[in-house]
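A short worksheet on the structure shown next.
Chain lettering (A, B and C) follows the sequence in which the chains are written, and residue indices restart at 1 in each chain.
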């Protein structure tokens, strides 16, 4: 920072330092309490390995579904003007502000055994979504999708739609325009949105435990394992928390702020 | 193919009702102030802007007609469009941009010939960001032409170029359009583009056609304030040899050009000076003539001088008063050879 | 400018000090109690406040092991009533000598329609039914585990819930075919569920201890005494608990 750049007001710097401290202290506390010597043993225990495996698999699936469903949704919100669009967008973004447990409850009312749709799944096919790994994926997708939609919608709005028009004059049909022009143009934001959705899915707790339940190997993802471990062994809980933290931090750092919706 | 269009549509609170006919091989310039609706007309022909009334035909095919419910979507119309900012796909190379159209048609068009014609062989692996303005324009043209369109639509094709490049590219574009076999509709707000590139001009003001006709005619006889102010230039066709131009319709002009053969000369009225007596000085064109018309426009007065060639001078109202200018009066006029812009026809 | 900086830095700590939970120490106490004690203790608490005007009780109901962890982490609790001695022992360092005040045993809760047609304990071994229990560290989970062991049943739960109320909620919502809950929860659930009684011979009994924390005010001890008193015990029995 050279002398020519606008100097920051001292109050700003002070508050920024305060904010940073506020965010860093829990991290530092965690690192200080980490049982470094027993860490390898704790992390390679069957329960921990199982939870990690489940977390990774379900979060990846959730990211996939969030993308599959979220991109079309984002496209419609960005490109089509229809009555009630603002309301629909509010609904889509609701999981962002809703307490995850509330999200889990609403999922139950829809997909539970006696739920709106869930009852048919159960009565006709004998499929019960709660207490299943599929249920975990559903809960994670529910909370992660808004992240993808918001990122992609922002990107779609910021690109020049005239490229798509130019493509049309060159004979490109809507699907070609989407795959060869639109998506490549937002590729950086799309990737950022997917990664963000994945990170959110990885950390999901409230909706998972409420909707999918908690059982090792089936529905006990890493966050749920931390919660269970907390009641037994604080050490184990800290060790598992560290894993989650490390993964999430790596992901966010590698994004380099792209998920803020800026053009690449 | 020809383009025949009657475009009736509205953008916001502005309505557009314009008729346009462009024969094969012809270049028609749609000239008008910003906001007149020129780009809208072009986009309507391309299928990017729906019309509420009228009819659009490309060749013998009616591509759009609201009354009969006919509407062929943009991607199925065989028109090639070059956009104002070229809109080359930034994530594709030049080659991929050009091949984009033919790929959609799943045909193997003769992309190579266009690449050669427009001198793009060395640029094929570059990305659009690495091209100069003139190069980008040529790529945009090649991309549009690669699909073998039945008509060419150019939206302000030179607007994105700097002054120096504009001149040379305009010349190259002119040569190209002369040889192009299909109809071309060209939108511009720059009168020089219209004069140099077009065979006929359609003037669009506030969504309506205010004048149309062959270029020279429209240029020399503007019938609206806008056009007159805009043009302020005279266009003369002739044959050049060793700097001297034999004007079509008679008369000669001494110029500084080295061009030979059919040429188009552009003269700004401001370049012609009027004198009560024979002037001395470096001007190579000095002649005695009669004033046939005096037109006051804004802050200048346009004086038509008897030809051949018939030229228009522009002087200040003060000068008019000083020289006592009036129709029928005899006057001396001078024009510097260097003030005449020449384009190979 | 510097004063503003200083204020900004000090403010959060000042606020924290102000919202310190040490209200007038003599008149309000915080009671952490096992989830299964929700209804009983709410009533006892209301009676206690009535009999001791000017006092207030803040209740904190959750799984006993969670509550023990909270105390260990420094939560400002005055009384701890757990659903098992194991859970209470985890916070033993910070507690006075506990006393036993209630006994509970388990029962099987099923949705009103009893979709899996469960009639006995051994029906739970059926792999196609969905059965839920409390998480192992939580007393009712501990008890459920003991129950299955005692009867030599291999039961695979579909989920390990965080406390007995969570189990109850899911059974009420007909999301599970059966849940292991306390006998006392049957009264709480009322008409919403049906229950299959487990004969005493096959059942396990869990004893509930109660203790004050070492720093607790006198009022906390008074509350414990009330729970142990005849009136308090009568309420406990009313809600289905047995006396120790």
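Here is the rule we go by: a contact is a pair of C-beta atoms (placed from the backbone, for glycine too) under 8 Å apart; a residue touches a chain by one contact, two chains touch by 3 or more.
For clarity, every value in this text was computed on a predicted model and none was experimentally measured.
J.: Chains touching chain A and chain C alike, please list them.
T.: The shared contacts of chain A and chain C amount to nothing, since no chain touches both.
J.: By Cα centroids, which chain is closest to the centre of the whole protein?
T.: A
J.: With centres defined as the mean C-alpha position, give me the chain A-chain C separation in Å.
T.: 33
J.: Determine the centre-to-centre distance between chain B and chain C, using the mean Cα coordinates as centres, and give it in whole Å.
T.: 86
J.: Return the distance between the CA-based centres of chain A and chain B, expressed in whole Å.
T.: One centre to the other, that is 55 Å.
J.: Along chain C, where are the residues that touch chain A in the complex?
T.: Within the complex, chain C contacts chain A at residues 1-2, 4-5, 8-9, 12, 63, 65-66, 69, 130, 132, 135-138, 157-162, 170, 173-176.
J.: In their complex, what parts of chain B are in touch with chain A?
T.: So the residues of chain B in touch with chain A come to 43, 46-48, 73-77, 79-81, 83, 85, 87, 89-91, 100-101, 104-105, 143-144, 147.
J.: In the complex, go through chain A and note every residue touching chain C.
T.: Where chain A meets chain C, its residues are 9-11, 14-15, 18, 108, 112-114, 128, 130-131, 209, 212-216, 218-220, 227-228, 230-232, 234.
J.: Could you list, by residue number, the parts of chain A that touch chain B in their complex?
T.: 160, 162-163, 165-173, 176, 180-181, 184-185, 187
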